[in-house]
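Shared between the two complexes below is chain A, which has chain B as its partner in the first and chain C in the second.
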Partner chain A sequence: MAELKFVITGTAGVGKTTAICALSDVPPVATDADTTDELSLIKNTTTVAFDFGEVILDDGVRVRIYGTPGQERFRHMWEIIAEGALGLIILVDNSRPDPLQDLMMYIDNFQQLIAETGFVVGVTRCDRSDRVSIDDYYSYLESRELFCPVIEADPRSREDMVALMDALMAMLECA
Partner chain B sequence: MLAEKEENSIKRSVVDQNLKELISSVDSIYAVVLSSIDGHPIARQAQDNFEDSKLAAMTSSCLALGEKIAMEANQNGCDFVIIQNQDGFLALKRVGRKLVLTTLADKSINMGMLLSATRQAAEKLYQEIT
Partner chain C sequence: MDSNRTISLHGFRDTDETVFCSLLSLLSFKTNAVWEVVEDETCDVTVVDVDSNQGLSLAETMENNGRRVIRFGQLSSMGAAGEMCLQKPLRAANILKCLNSLNQGDSSGHGEQTAVPVVAESIKEETVAGFRLRRWPCQEILNAYPGSSRLCALLMKEALTIEQTVERSGMAADIVWDFVNACQQRNFVVEQSITITTRNRSEHKPANAGLFAMLRSRFGSRG
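On to the complex of A and B.
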């Protein structure tokens, strides 16, 4: 297999675009537009179509990484982007009011992709809130009869994002 | 706060007036939508009932992609994103930094007419509200 396609999703502002910038070995493509709603309190631009980057592995395999828009009104893009993907990275912002609810929303929306392939969860901003622990994520996933690695990650860190990708690839090899 | 409200209501009437002019300028144009660049519907004029909230989000994605594809192909100044179908056309045009104007026309329209009517409305809107 010479090409792999992974998808990164998660709430608006969690750091999907940042993660792709950190990971990509080629100049990333971002389709961002100025925010005009309450999201502008958090950030100035938001992804409206997709972000795109490419990681070239040691053996020359190219991994194409697509970042989805976070906001639900762009769910039309979720379906388009999920097509043909081999794995999903869900980023969850631990400092939001109900991160488990956020996780559930993305698990439900990418149900088909998750069932057919595999996924990993990256938890961001653990330094800002410890109300929900990594164990809580595992318990939640278990209650949904799902299993996947849950890893603390900083989207700005290439090392952290590579760790997530490695975990995802290990999951896929097991499956 | 009051001044801001007043200003918004004036802008609203300017927007509605411009969209009305656009939809009545050419028979084959059956709907026009003004939405924010991040996919929220703002105003619409349509001959029939017309649901624009999903369309607003989708045109936002489409315009952003069109603009990025143009850049990737080293073509500057994306002017329109045009979707041509068996049943008609959609023309998407950016208005300033924050807005997108979408014109929907049936298949009887002349494409030049569609683009020029959309351009005129977009330029007028830009001058009057941004």
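On to the complex of A and C.
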């Protein structure tokens, strides 16, 4: 039986590992390494291969939630992780200089998974910057003829992450 | 086949009149007849606000004169059972039920409800108003309508009529109406013209429905 998995991607430090923690039934398996570049200003370690958590269903079936490494230099892992995934969550840090550019980069790199399944966008740290509004994200997506939920989310909040998963599953059901 | 009917409003507050006209317009694809609001006293049916003595008296007079009247008011001011009534606040489902009952009575001569007629075999294309979500609704709305994430997904992918949304979601028409109304109030939904072909009614079997249902249950999501 093929592995049942969802993928969470987004820039380094956006909260992918935290989001997996919020959803997982087991402590996430992480492949962290110490940060050595400018990322060390915001966190001590970063994911270099992947991390994943598991949701164990009533019938014992395990659904994995993978987090990709955020940095583009590990993009060779993205394709491997995305293979056979059920759907994609893109987390975007709204406090970064150009969050729409970040979103575009992940959409371009995961376009095959997006075309074959579906995706949702979770926007984090909206409290730290309001330069880009949720409506701006929708306008950008519409300009690319993409229609998906864009939801403000705090990766530490299980409720927020469940809302993202719920939206993603609803979109997949209606694909 | 749709027929044209006229309806007039008496004693309505401006806000009630606006809401009624808006709902009537939105419901035009669900009613068995095409209803137009007129001021002409020779209209097919009159809706009278009976929450004032004047309104109540007018409704009784019109009924005694054989005019078709729908009473509109608080539950306490409604008349005997069996009369046509709309309760405050106005709800799409009530208006729809009322108008279709009226039309049913006219065309069949007996009160038993039958389904809205659908031409099953012929191919019929028509341009109608559909609804499309311009953004995912806030949590407040999602929480108010359990199962509404499916409605959101359907209406985010493409503009659909209420009837199509009901058919594809499997949810009750009044819930779909209320959900769309709630989204309209928050400007989450836009109205778009769409062309529908009545023949193309396919079964939409959700992918991975069983798996996702278990996941939602595990997450404690109301979906």
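Here are a few things to note about the model shown:
Basically, the second predicted complex is superposed on the first by the 164 of 175 C-alpha atoms of A that agree within 3 Å, B and C clash if a C-alpha of one lies under 4 Å from a C-alpha of the other, contacts with A are read in each partner's own complex, and residues count from 1 in each chain.
Throughout what follows, a contact is a pair of C-beta atoms (placed from the backbone, for glycine too) under 8 Å apart; a residue touches a chain by one contact, two chains touch by 3 or more.
A quick note: this is a predicted structure, and the numbers were derived from the prediction, not measured.
If you put the two complexes together on chain A, you find that chain B and chain C both fit without a clash. Shared-chain residue A:G70: touches no atom of chain B or chain C. Using the contact criterion defined above for the overlaid structures, shared-chain residue A:V29 touches chain B, although it does not reach chain C.
When chain A is checked against chain B and against chain C, the one touching more of its residues turns out to be C. Using the contact criterion defined above for the overlaid structures, shared-chain residue A:G10 touches neither chain B nor chain C, since it reaches no partner. Vectors from the Cα centre of chain A to those of chain B and chain C enclose 170° in the overlay, to the nearest 10. No C-alpha atom of chain B lies closer than 25 Å to any C-alpha atom of chain C in the overlay.
Every residue of chain A that touches chain C in the complex is listed here, in rising order: 4, 23, 25, 55-59, 61, 63, 86, 134-135, 138, 147-151, 162-163, 165-167, 169-175.
Here chain C touches chain A in the complex through residues 134-136, 139, 142, 149-150, 152-154, 156-157, 168, 204, 206-209, 211-212, 214-221, 223, going by the rule given at the top. Touching chain B in their complex are the following residues of chain A: 29, 31-37, 39, 46, 48-49, 69, 71, 73-74, 76-77. Residue ranges on chain B touching chain A, taken from their complex, read 36-40, 53-54, 57-58, 60-62, 64-65, 67-68, 72, 97-98.
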